[in-house]
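A, B, C and D are the chain letters, set down in written order, and residue numbers restart from 1 in every chain.
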Amino acid sequence: MSTWTADEMMTVAASRSLRDGQVCFVGIGLPSTAANLARRLHAPGLVLVYESGTIGTEPDELPLSIGDGILADSALSLVGVPEIFNYWLQSGRIDVGFLSGAQIDRFANINTTVIGEYDEPSVRLPGSGGAPEIAASCREVIVVMRQRLRAFVSQVDFVTSVGHGSGPGDRGRLGLRGAGPVRVITDLGVLEPDPESAELVLTAVHPDVTVEQVRSETGWELEISADLRITAPPTEQELSTLRGLRTVGVAS
Amino acid sequence: MSTWTADEMMTVAASRSLRDGQVCFVGIGLPSTAANLARRLHAPGLVLVYESGTIGTEPDELPLSIGDGILADSALSLVGVPEIFNYWLQSGRIDVGFLSGAQIDRFANINTTVIGEYDEPSVRLPGSGGAPEIAASCREVIVVMRQRLRAFVSQVDFVTSVGHGSGPGDRGRLGLRGAGPVRVITDLGVLEPDPESAELVLTAVHPDVTVEQVRSETGWELEISADLRITAPPTEQELSTLRGLRTVGVAS
Amino acid sequence: MAKIASSKIQSLPQAVSELVHDGDVVALEGFTHLIPFAAGHEIIRQGRRDLTLVRMTPDLVYDRMIGAGCARKLVFSWGGNPGVGSLHRMRDALASGWPVPLEIEEHSHAGMANRYVAGASGLPFAVLRGYAGTELPEHTDTISTVTCPFTGEELAAVAALNPDVTVVHAQRADRAGNVQLWGILGVQKEAVLAARRAIVTVEEIVDELTPVPGAVVLPAWVLDAVAVAPRGAAPSYAHGYYDRDNAAYRAWDTVSRDREKFSAWLEKLQEDAS
Amino acid sequence: MAKIASSKIQSLPQAVSELVHDGDVVALEGFTHLIPFAAGHEIIRQGRRDLTLVRMTPDLVYDRMIGAGCARKLVFSWGGNPGVGSLHRMRDALASGWPVPLEIEEHSHAGMANRYVAGASGLPFAVLRGYAGTELPEHTDTISTVTCPFTGEELAAVAALNPDVTVVHAQRADRAGNVQLWGILGVQKEAVLAARRAIVTVEEIVDELTPVPGAVVLPAWVLDAVAVAPRGAAPSYAHGYYDRDNAAYRAWDTVSRDREKFSAWLEKLQEDAS
């Protein structure tokens, strides 16, 4: 039997959540790895769009940055940054946005701006990037991030990207047209917003992870879904494909 | 001594009003001919921009339409129609706009929409095209049109493109940033707005044209400039160059 | 959801039959270049009615569709036969309601271009410096004003255009239905992205879309149908394929001036198809 | 008036000396690709102060300029060392005011991109679907709202960006100073067209700008200076010329974490010039 790391399980689970033929707005790092993995496995027709303006890109190797040359070389179409945000993202034609963050809260709001107060932060994070509008405009959002107590908080220190605001109906009131986060995939399991309360509840744990482990890494009283699932372990094919992915310019 | 037609005199006079190094937003027909003539004579560095999105085009022959392939083939840069209007015209980076029209009035307002009432016109004209924003945003506007009583009217039936509105200061009040029409070049002479009243006055007559002739083709009490000039006749070089211009797809 | 790629390539009659409905707001775009004449003719043949025809420069293609009675409304910014004169079928419909009355909604080029940009961007309106001092706003209710929240300056606002269906012509597509067009680009990308449904006619299908300087590529997943229509832009032109048929533009002046001559032309169009 | 073409091509030191002034609002753009490092280093060498630095993604180039004390304010949307971590000089200036205090004006990418679009278009603001529900508008006064005059919907508005000077790097220019760039395009065209003055550094000057698929051409008449700076985008990359130096990005993390190591780096930068 094969073994795998928690990050590998997270990436495989994220890749499985993408369906063939979807159009995916991809951030760099774990989301990019998961999306490129899906394209090599069950979703060969997955369309990858990066905020650097590459549409329908099919990189042989993983890009190291959002604007890597390999994304341009293999793109069906290459457009400027204003166009990618206005004509392609804001217009509502992207199916899935993949996001990550430093903090996420019970309503799946994401913080990538500051830990602490805005004017005197304890940690200054990179900021918004494309995330606020990805969270607003994609038909649905999938969040991929490691589950740690300091990151899964009851309320984020700063709302950089809106998940479900302060509860049901908030997105509609704010005029956000996408459905928002439908799934948070971590290295421990999967959280999904409760249809009634919009609060993230645990709907799956990865193999060999206990509910208590997940709870201990969650900063609010985590509800557990009545039909809690156990994620299927990575298949040999998933693992070997994932491990075969090379990153541009990085020695293997 | 050579002879020439009134249209040739008008085109030559219009071409002379362009200076080397200027950037000119060109409409099709007489303005295009005049601009291309200037580029072959005294203004080799004249930059031609057409509303079809061709920037810095250097056609060997005259285009027949605003979107002729020859404009694309010889352009330094080719952009879409929204970009040409927003980034290149509206932004105020065009020096000279060349316009024509079916009617022009004493304040150089131009009509290319209807003769008569808008809802029941006696003649339906093509409409605005790019003219209203050319008139608004170019640093200055030069109008080229044949002088006829039915066209040079006291007040246009419909203001398609604003010249000097209803008098001094109107452009500023309307938020129009260009200077508006600085010269109207006709087949009889040249009219320019009076610095005080903004009304078009006759500042030059072409050779062999009398002031009375011009007055009889003008629908308002035309003032004559104190230092009325007589246009220098076309030179041999101007005429031979003009006559040597070939239009794409038209047998010579 | 991306539009499924498998069945993108189909015949033009099928595409028009399935995607263009009576009463639709329809935009056929192409700025002098790549005007989708073949598609316009097919819409005439299939007898569509009550269309709102949208186009910056209603050219011969709309003169024909208006003369054939397809349209109840025209949304435009410059209506003429470029380099020749007037659109006589359009004038006749406006003046005499022949064959059916025609409403108009009139803008400037900058206004129309920005309306497509807003439509493609998922915004309800666009802002521009335009229309100030002109008489168009008195007659066109999709022109308004908006005040800059930072400077207090008043600017023009135009309502977004989101056609039910946009039709454009392009040089070529690959077998997956990805489309490539080049030369004068017009507002085709914006008109396609602003539309609920999109049809592209192409000169040819190729195995691979070799990159071309200045080309725009429209992914198959934003399109509903791609149909092969060789010389589908004639009598306008397709850069790199064929030139504009200027004689045909001049000849149209004679045909279109006269209802009988136009009706004969229309009959022949129908016959040519069968 | 078009900017006169004759003297466009000059040295980078001369261009910076004449066109970048203390207190200016300066944008160095390039989205991961074609980042104008050589120009940033020259601005450091010439000791500019009190600059407002504008850039969607302050990268190493701004970390260096901030650490060197060039800036009093940073306008940005994502500030990090891509794929590596934080910008430590930026953090140090924000937290400790070293070497001088740094104000920030923070946006999203979509907001920044649209601010440049408005600037390039001669509009005082741009409209977008953005910021709703986020906390940025509470801290950034160039974010506001505007109401659609047609639908009544409230949308975000952002103030136009019009830098005093924009600097970008491109692959090449011709002898007249027309510039051609390709690969990932970013917001360079908008940033140049929005600026009062524009400097472009290029890998090389060529006799003719052979068309390249996907390339943007900036006419010489919208530029003030074109300067040859081979490898002027390193350690970022120039598509078709050289790759990104990922090791240099990683190495910067160590240098920038420590004021002394950074100061040594800065001294060496000055020495390299003389």
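FYI, a residue touches a chain if its C-beta (ideal position, glycine included) is under 8 Å from a C-beta of that chain, and two chains touch if they have at least 3 such contacts.
The chain list, named the UniProt way, goes like this: A, B = 3-oxoadipate--succinyl-CoA transferase subunit B; C, D = 3-oxoadipate--succinyl-CoA transferase subunit A.
Keep in mind that what you see is a predicted model, and the values were worked out from it rather than measured.
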{"item": "Centroid-based (C-alpha) most distant chain relative to chain A", "value": "B"}
{"item": "Chain A and chain D: spacing of chain centres that average the CA atoms, whole Å", "value": "29"}
{"item": "Centre-of-Cα separation between chain B and chain A, whole angstrom", "value": "57"}
{"item": "Euclidean distance of C-alpha centroids - chain B vs chain D, Å", "value": "39"}
{"item": "Of all residues in chain C, the ones touching two or more other chains", "value": "117, 122-123, 128-129, 153, 155, 189-190, 214"}
{"item": "Residue list for chain A, restricted to those that touch at least two other chains", "value": "86, 90, 137, 177"}
{"item": "Which pairs of chains touch, using the document's own definition", "value": "A-C, A-D, B-C, B-D, C-D"}
{"item": "Contact set on chain A toward chain D in their complex", "value": "28-29, 51-54, 64-69, 71-72, 78-82, 85-86, 89-90, 113, 118-119, 124, 126-133, 136-137, 158-162, 165, 170-171, 174-177, 249-250"}
{"item": "Of chain D, residues touching chain C in the complex", "value": "122-129, 142, 144-151, 153, 155, 157, 159, 211-215"}
{"item": "Residue ranges of chain C touching chain A (in the complex, touch as defined)", "value": "1-2, 4-5, 117, 120-123, 178, 189-190, 193, 209, 216-219, 221-222"}
{"item": "In the complex, chain D residues that touch chain A", "value": "31-33, 56-57, 76-80, 82-83, 86, 90-91, 94-95, 106-111, 113-114, 116-117, 128-136, 138-139, 153-155, 183-187, 189-190, 214, 237, 239, 243-244, 246"}
{"item": "Partner chain D, residues of chain B touching it in the complex", "value": "21-23, 45, 47, 55-56, 76-77, 86-87, 90-93, 95, 137, 139, 177"}
